[in-house]
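Next up, some structures in structure tokens.
Consider the two complexes below, in which chain A is the common component and chain B and chain C are the respective partners.
Now for the complex of A and B:
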């Protein structure tokens, strides 16, 4: 008896949670094909009766939103540039620092490691104001440098790399040394290929973090041309006099789909990265 | 090492320390004056900051245990279903994480809307009531908490599924032979072995929820109604980046957030740690 009850409770829980997680996404995508009057209708249209691409047209053509050219396309490009640069830089710095922390003996190694772990745990928001002042002093407001620079180094990535590279046997490295490999050769031909899953995870997480980052991008951009997708999309709501639901949903969909594609392609790196971080930490 | 060290020091470590230092000064355009603990004294008397601290703690208390329980429950239900079911549900619950808080916040804004929202339509037709979810002081914060929970489940589920697959099945078989039912086996065998995964989920979720910001900015009007949803990070943003741009006062709020977070982390490690 007890068995049957737990079974039903468990499945109800699973169903409700799955609906709560996925229904908003369905509502977002279907909403993006609705005109304002259809979106506002009560009872709601479960499936768009008059599907239209009008919202996407507004988003991607000039003049309707700002006098600027094709705002959404520019935001998409900004987001891509920022996320790609951050991801490439995070992989590079994390691999190098992770290798040094895992396999090199130097003074203060433990201290550096703890500094990395601590900053990984601390919210970035605490340093928001000084970081902003720094960017202002560098005159990097409204520039790609300002959007990218604070994320060049990714503490979680360094941590992940170190944990992963620690497991590479020392014998392998010293064997290569004996065969006359230089430091660079060891790193490039032995350590990096073995750390591939971790490299993938760092690339993915830094990309996703940058793509979905909001607060910093909001603060550091003032001109609509420099907005990234999340900032631009959120401003659609706050600047337009009447909240155009369909347009907002179309913007959100445009921000969502590229990231979904990345996720589907690299799913196993996500899973690996999350479980390595949790179970070794 | 060096290519990582430079950005780490310049853009991560330095702003953090600078922020701590800043909170003891009065920064204006012309001159900067050392004012000691004045910022903190003002904070102690600041009613909106007290609301922010209280609301942030409410968020943590509402969100973290629910996320832990629900994700553990989902992982426990999904795990025995086999590999393909596992990866399907892992995917389903991670998709909202992918979508990001801004996109989802906008959808929820529509769903929770007073007149045109899906939720009120359902409430109206099923229960005959119409609730202004985000406009009432008693429902606004719980509504936001539910929104946050809905996109926080993905990572914990992946962690619990990975941890469950690390438990040797012999343990369960042995317990079953000793006559333990599924619930008892879960309570006495599985749960203790998930301790470190649980700790990780608790700590990361707490850190995340302490930074609740996007939902407050996008779903409410200035943390309203009547400060009911104002959080610390939102307060910081408002203090520093809307007029009168009081940076040092915001830095003091950030420092207090840091102290609060460290205390909570220490307590959690003590409580759940080995």
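Now for the complex of A and C:
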């Protein structure tokens, strides 16, 4: 009897939590199918009475609502380019640094590791100003280099890879050396294939971080064609004389879908990667 | 020709001396077993030969070539690790072919060698399986296969059977010996298991605290241990050690411990003369103690009256713990010889089977 009650209480609590988590998503997606007058209606309209794709049409086709252009496709492409470059770079640098910190013996190894961990604890805003000044000096404002460069290395990724690679038995590396493998061969043929779950997790984390990044991208871009999707969507809302909620919701939905796809595809690695960090941390 | 020569080989880890000035010669085609307790430096010694650890000082020569500064991959050695170290993301075929691919052996030759090796080890059917899909014994074979396929000058085996269950270990022991005969290669085998060492090695090297205690054939090491440590380490159960002193009598010498007096043979005369009334250790192997009937012992035998403390039945044998006039000793006897706890029995042993060790140094006298 007690078990039955526990079961129902647990399911009720989980159900409430799930509704609370999903409600904003539902509101965003349903809102994207509403016209402005329906979206702003009070009391709110839970189910769109007159569903329409008008917001998506406006988002993706050239129009005159803003600056004479509606470059949402360009923003989407920008976001993809930036997120992919950051993700690839983060995976590469994290794997290399993680391997060195886990399996190489050199003076100051622990110091370097803790220095990396320390950078994870600093608020991002601390580095914002010096980074911006540096990017201005390099003349990288409004460029992909400016959007990508500060995120080429991913301290959490280095931490995760180091923890994962520490679990790879040293004997495997010794065996590969005796088998005739060079340092690069050991890394490429032995260590990397074994670190796939952690690589997947780093790829997802870094992609997600880059895709959802807002503050830095807002600061470092001025020209609309260099906006990323989150920046572009926010500009849609804040710069319009008439606030188009339906259009903003459509923009947010477009920004959300690729991330959902990445998460669904790599969720196996995602969970594994997180658990590795948790257990070995 | 793959003679391995170690000269004054030393390895120091910060404040620990792992291997202390070891001199050793491994003959071509010999199966040499390094045996000793955990932490005695045997694995470090093997890893130095493999090139996985740098020697602090000393020289390593393989096949007449000084290899101290030669990379592992260029020493023409193969190593089998305790945990097999099979690449988990590769199937058996790729595990075995990996070393050949790294050495850019042509694909056809590589395939031929992998298949021949698989045939020798009876693992042809497993070539497409991953290590996780193999049993312990199969993994062991694959690890051996990975070593054999390269046709190295020297095989280094680091406790390769320790992860197997007792039954499989017995089978693999004999298979390894047969394999050694078949390959006619130099093998250096590390183990902490003295049974493995005794049954497999052409010669044994007993190590302790980074130093070699004795190098000889298993029989010699067993019958004439160089010191008390070797006597106790080799043999199961370990040699009984009685700590007493030598007393001179008119008729000769006696070893005295508590109320127990043991007449010593003439072969100990020289040692006894130098150590009258001094502490010495006397060793007697449990299998050299016999439970005897009154009056049937030979003239060279010593007879003691003992009380049975504990009997452990092993199957064919029994381990009998005895209280010999206040001194505890262990005897290994035929299980069919029934004895009960608390029973008084006569124990006899040949004085020729006694071992005397110096109390201070532990060296054989």
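Here, the second predicted complex is superposed on the first by the 263 of 281 C-alpha atoms of A that agree within 3 Å, B and C clash if a C-alpha of one lies under 4 Å from a C-alpha of the other, contacts with A are read in each partner's own complex, and residues count from 1 in each chain.
The definition used in the following text is that a contact is a pair of C-beta atoms (placed from the backbone, for glycine too) under 8 Å apart; a residue touches a chain by one contact, two chains touch by 3 or more.
Note that the structure is a prediction, hence the values are computed from the model and not measured.
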item: Overlay on chain A: chain C relative to chain B, clash or fit; value: fit
item: First, second, both or neither for A:194, with chain B first and chain C second; value: second
item: First (chain B), second (chain C), both or neither touched by A:79; value: neither
item: Which superposed partner A:249 touches (first chain B, second chain C, both, neither); value: first
item: Touched partner set for A:214, first chain B, second chain C, both or neither; value: first
item: Which of chain B and chain C A:32 touches, first, second, both or neither; value: neither
item: Of chain C and chain B, partner touching more chain A residues; value: B
item: Touched partner set for A:97, first chain B, second chain C, both or neither; value: first
item: Partner chain in contact with A:163 - chain B first, chain C second, else both or neither; value: neither
item: Touched partner set for A:206, first chain B, second chain C, both or neither; value: neither
item: Contacts of A:119 with chain B and chain C, given as first, second, both or neither; value: first
item: Three-chain overlay, closest Cα atoms of chain B and chain C, distance in Å; value: 22
item: Overlap of chain C and chain B interfaces on chain A (superposed complexes); value: none
item: Chain A - residues contacting chain C, complex; value: 169, 171-172, 174-181, 185, 189-190, 193-194
item: In the complex with chain B, residue positions of chain A that touch it; value: 2-3, 6, 10-11, 13-14, 17-18, 20-22, 24-25, 27-28, 31, 39-40, 42-44, 89, 92-94, 96-97, 100, 104, 115-116, 119, 121-123, 125-134, 149-153, 155, 158, 208, 211-212, 214-215, 219, 230, 233-234, 237, 245, 248-249, 251-253, 255-256, 259-260, 263, 267, 270-271, 274-275, 278-279, 281
item: Touching residues on chain B, where the partner in the complex is chain A; value: 1-5, 7-8, 10-16, 18-19, 22, 70, 73-74, 76-78, 87, 89-96, 98-111, 115-116, 118, 121, 125, 146, 149-151, 153-155, 158-159, 162-163, 166, 181-183, 196-197, 200-201, 203, 207, 210-211, 213-214, 218, 233, 236-237, 240-241, 247-248, 250-251, 254-255, 257-258, 261, 265
item: Footprint of chain A on chain C - complex, ascending; value: 47, 50-52, 71-73, 77-79, 81-83, 85, 87-89, 98-99, 102-103, 146, 150
